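Next up: some structures, all given as structure tokens.
Next come two complexes built around chain A: one with chain B, the other with chain C.
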Partner chain A sequence: MEEEYLPEYGPKWSDQRAERMLGALVCAVVGLLLAMIITVFARAWPSFAHNGLAWFGAGGSVEEQLNQIYLSGLSGANYVYTFHGWQLIWSTMLITGGAVTIALFCSLFVSVFIVEFAPEWMRNILQPVVRFLASVPSVIYGLLGVLVIVPFIGNHLVTEPQKASVAGVISLSGYSLLAAVLILTVMIAPLMVSIFSDGLRAVRPGWLEGSLALGVNRWRTTWKIAVRTARPAIVAGTVLAVARAIGEAVMLAMVSGSVAFAPNPADGLIFIYEPSRPLAPTIVKNIDSLGSPPANATLFAIAAVLLFSAAFFSLAGWVARRAMRKYGATA
Partner chain B sequence: MESSVATPPAGPPPRMGPPKSSNDAVEASAAWRLSDRIGLAICWALGLLFCAIAVAIVLYLMVKGLAYLKPSMLVTPATAGFSQSQSGGFSDALIGTLIVAVMGISIALPIGIGVAVWLVEYGRPVALARIAESTIEAIAGIPSIVLALFGTVIFSSTALGFLSRTSEGVVFGRSFFAASAMLSLVALPLIVASTREGLNAIPHHVREASYAIGKTKIATTRRILLPAARPQVATGAMLGLGRIIGDTAIIVVLLGATQNFAPVGGAFPINYLRGAGTTLTNFVYEASPTGNLNQPEKAYAAAFVLLLMVLALNAAVDVIHRRARKVGTWSS
Partner chain C sequence: MRIKSLAISVIALVALAVPASAGAVTLIGSGSVAAQPVLEALFKTYTKEVNHKVHFLYTANGGNAGVKDVQNGTSQFAGQARTPLPSDAGTTYIKMFLDGLCIDVNPKNKLSNISIQQTHDIYRGLLTNWNQLPGSGLETTIDPVGRDTNGGTYNFFLQAVLNNELPSSNVNALTADGLVVNAVKQDPSAIGYDGLAWQGKGQKALKVNGVPCVSSKISVEPLKYPLSRYLFLVLPTGVNNPALTKFIDWARRDPVAGEVIAKAGGVPAFNKKAKK
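Presenting the complex of A and B:
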């Protein structure tokens, strides 16, 4: 390596200059994010300003309102901004909540299995499987949902009397909360598994050995020591999965039914067969109306809500990971 | 003469030698309580379920894909037609995916490496480093549909009108340039995280040795640290590519609305890049029963091609990892 010193790295690539250039690059990335946040909220402002907190409330059909907003933008004057997004927000909450709950349970067991209990050959299969499931594009999940899961639910799980009982309100064709939750679970579980198993691996072996030496069996040791120590990683993984689930647009646009409707759990179990539409797919479905100024503001308002929730959950994950340092674990 | 000292229970003689691995069972689960054994059974069941889901996805798409995929589809563009046999293939989508992948990663890679180098090697002032770290995490957490909407604002501005179709002062804002630029943001956090990991794994004495023979910091980084971190950089690039190829929301908003290339005036490669187009994800989305085309057979075929790409990228990551492990790690 002795003749590696090349003069052109001297004056031309002086350290100060390189540091300044890299620093400028970093500042540009930071600036881009700030510009994005400001732009999205600035564009969204007319919609929020006009509706106030009623934006988040219920009232009327969202489809109808979006249509009115779009049409008013074409006419030029007298923009209509009235928008009550509760149906979309409720659908987002139901789908995200359902998927994250199921995925949390499954991922916890699977990551414990991968880290502690799986035999070597099973581990060698499971790790690539988890990586593969995480890397399948969402549109493929959506396609499989539309062509496999949705027809199955529509033809085999929903009974005729159930379809008849809500016929006047909504049609149960298989595009449903159930399909959306199931597929979203498969999409976010691998993310959680990878973060959980990183957390479980980072647990100090001495603590586990201490427990084992006291005669506690491996199962109890894992759950009482390893899982508890890795709790911050579990929180971090869960909030990241929530952020991911909230932002998922394309797959949900395909399987959730794309009907602005708020399934009511008080109606009994039938609500899981009812279609709905979360926030993010609403943007995808209405993307062609971006040219109408009030519709543009409304879609950016939805994006602002998504951005705010994603930022909120990222922040929560960051706080959880900082808390983890206390346990000597890093993930 | 019985004493209070418990005699060791009769059992198999103690094993000689150390256990083969940490996984070498130290106790049989048969000795556990029923509840614990049920828990272990749930572990096995869910682990097998994950494998079953993955196998089902691959097999199902393979069966459907091979059934409907004709080689001609890969070389004919989509055309208007009434039945699925008339409407051509998805060559434009395939080429579009490649264009977007190449352009996206060639924007994301230099920026990602630059940010990672600054964070690991310079990182001062500390406040800026903190901010930059959380910026990268925030970008990773932003839903891609929000990035796409932001892209419509940037690329519809008249200042950037030369990057997409413009008619009568109205900038169309949909082009390969616009889509690739926003897609590079999707890949950026993965590249930064992976490169940082690689740089952090290099022990300090390597840098000190380089400084000691008179190299500057940036020369050390370019000549020694980045080459040493190459496997991790490559891994990050592969992961980023996977995300770029798989993203649909940005493509639908910033590129698609058509299933063909829509070149705009200009010299040869630029006219296509300035125009709207399509990628495989967009094609699958539109060809699914909920899309505008509704040609499920072709959607299966395109999805199969897309899945093959994703599998190839996964395999590439594996190969890189294995090679890096063979070379070995730094001794500290």
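Presenting the complex of A and C:
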């Protein structure tokens, strides 16, 4: 009797209970995620179905299209769905691409310095500072942008002839590609630095010592051995940074200029002063029109594009990391 | 046991969030950002001086969103800065006080008067340089600043100035009235629009069609100032809420409420004059 009783009631049973609870929790999380993805795409479907691939193309003003879509929803019949999102997509690509490129170069050198070259006391200060910077809420950067960087660009960098050359089409008042890229770079660089440094620290000391023992100097050892070995971590950090940059809404809504306009590199230097509005802030700016069914579908379509690109980048990052596994260090 | 203690702590949290005094009423509202400074001042005075047991919770999420909250029952009232639309079915609008939409420029701008037509042309991208407006003393390109589509300020401007045409692409649409004030303050070539409650240092209100944007010109019927409007409280039709009705009566009639409204930047419309 006692022999049967002990193993059944006791550790074994509570073990199973923990297992089942955790399993149920994981299933719930996965189910919730699936439900969310399905909801977003189902709500977005009318917008994609009406426009097809033209949704991603150029044509007309996004602002007017959104207004038509919104108004058609109020009347209750004959919904209008025509939407060509290129101005928003191009702005997202420019701002995200610019910020990630600059941040990649800066972060790589900063993390090499922190891990390989900085003296101990400096490393002890820099690491917590970088971790702290990576967790600063984006709205704070937005405030700094609106109060400091935007007025500086508008009043000191942009000249009157430049403003006059595009008068009536766009305002070069400081809300610009430059401001958006600068602040976004500052926002995502600490994230990259902390992941890159983890990767560099995981490089096997023996490999570096071997290289040094062969008489290769310190910089060359770092560049050819440490950075190469840490490539999976560099890819992982970049992918995370891209995901954060694409999804950033509040800060960009405050500084990017909030006009649906596609900055044109052919305009010369003023290109970087031109305002634009990426995808994510467009949702924030039009939140009031959610009551109109076609506008609702259009905003969900924008959300679906953001969701898809985030998924795409994390998949691409996973594939790249897998291909690089043979180099040794993983992150 | 754990679930029980969790439940108790949740209840305790909820109890903390609601004012603890017995018989207290919390009125939940949302809506217009433009009406917020005046409404908050009224709420504070009412709780402090008239009825300690009535508390207010107001979320400034934009007038249109506020009306939707009333329609689906999330809010008991909404602040609104535009007149009723067909989509507002099931709600009643009550005129609370008046507000003027001022056209503001940077103090470095010497312009003192602007017509509705000139404002229209600036926001439609037809006038682009300050030298096209005599008296400005500036030779620079105009930087027009406006609101995004959320909220009553934009809708009022669209109706009153732009004849429901969309603003041109050179108008920078910002997410809040405070950001418009900030933009005008920091850019000598800027022009912006915002409510009377936002007038203050750092920006200069222009006369519109020769009438200055001050409360004395706005309150007198017929409304002399071209860009004046009523601010409304929106209630669900047919729902009796005695605490709210009492507050509305007080805010509309009481001389003390009138002073509060004027101090917070609005213009009292119906309040009796205080005896001096």
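We take it that the second predicted complex is superposed on the first by the 310 of 331 C-alpha atoms of A that agree within 3 Å, B and C clash if a C-alpha of one lies under 4 Å from a C-alpha of the other, contacts with A are read in each partner's own complex, and residues count from 1 in each chain.
Here, contacts are C-beta pairs under 8 Å (C-beta built on N, C-alpha and C of every residue); 3 or more make two chains touch, one makes a residue touch a chain.
Everything numeric in this text was worked out from a predicted model, so none of it was measured.
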item: Clash or fit (per the criteria above) of chain B with chain C on chain A; value: clash
item: Chain touching more of chain A, residue-wise (chain B, chain C); value: B
item: Which superposed partner A:N67 touches (first chain B, second chain C, both, neither); value: second
item: Which superposed partner A:G154 touches (first chain B, second chain C, both, neither); value: second
item: Partner chain(s) touched by A:A253 [first = chain B, second = chain C, both, neither]; value: both
item: Touching partner for A:R322 - first (chain B), second (chain C), both, neither; value: neither
item: First, second, both or neither for A:K224, with chain B first and chain C second; value: neither
item: Which superposed partner A:V146 touches (first chain B, second chain C, both, neither); value: both
item: Touching partner for A:V110 - first (chain B), second (chain C), both, neither; value: first
item: Touched partner set for A:K163, first chain B, second chain C, both or neither; value: second
item: Chain B versus chain C as contact partner of A:D15, first or second or both or neither; value: first
item: Of the stretches 56-64, 110-118, 164-172 or 218-226 belonging to chain C, the one that collides with chain B; value: 56-64
item: Doubly contacted chain A residues - partners chain C and chain B; value: 146-147, 253-254, 258, 284, 287-288
item: Interfacial residue positions of chain B with respect to chain A in the complex; value: 21, 23, 26-27, 29, 31-32, 36, 39-40, 42-44, 46-47, 49-51, 53-54, 57, 60-61, 111, 114-115, 117-119, 122, 128, 131-132, 134-147, 149-150, 152-153, 185, 188, 213-219, 222-223, 239, 242, 245-249, 252-253, 257, 281, 284-285, 288-290, 296, 299-300, 303, 306-307, 310-311, 313-314, 317-318
item: Residue ranges of chain A in contact with chain B within the complex; value: 1-2, 4-6, 9-10, 13-15, 18-19, 22-23, 25-27, 29-30, 32-33, 36, 39-40, 43, 106, 109-110, 112-114, 117-120, 122-123, 125-126, 128-133, 135-140, 142-144, 146-148, 186, 189, 212, 217-220, 223, 240, 243, 246-250, 253-254, 258, 280, 283-284, 287-288, 290, 299-300, 303, 306-307, 310-311, 313-314, 318
item: In the complex with chain A, residue positions of chain C that touch it; value: 62, 64-65, 68, 86-87, 125-126, 128-129, 139-145, 148-151, 166, 168-175, 179, 182-183, 186-190
item: Chain C partner contacts - residues on chain A that touch it in the complex; value: 61, 63-64, 67, 70, 74, 146-147, 150-151, 154-155, 160, 163-164, 166-175, 253-254, 257-261, 275, 284-289, 291
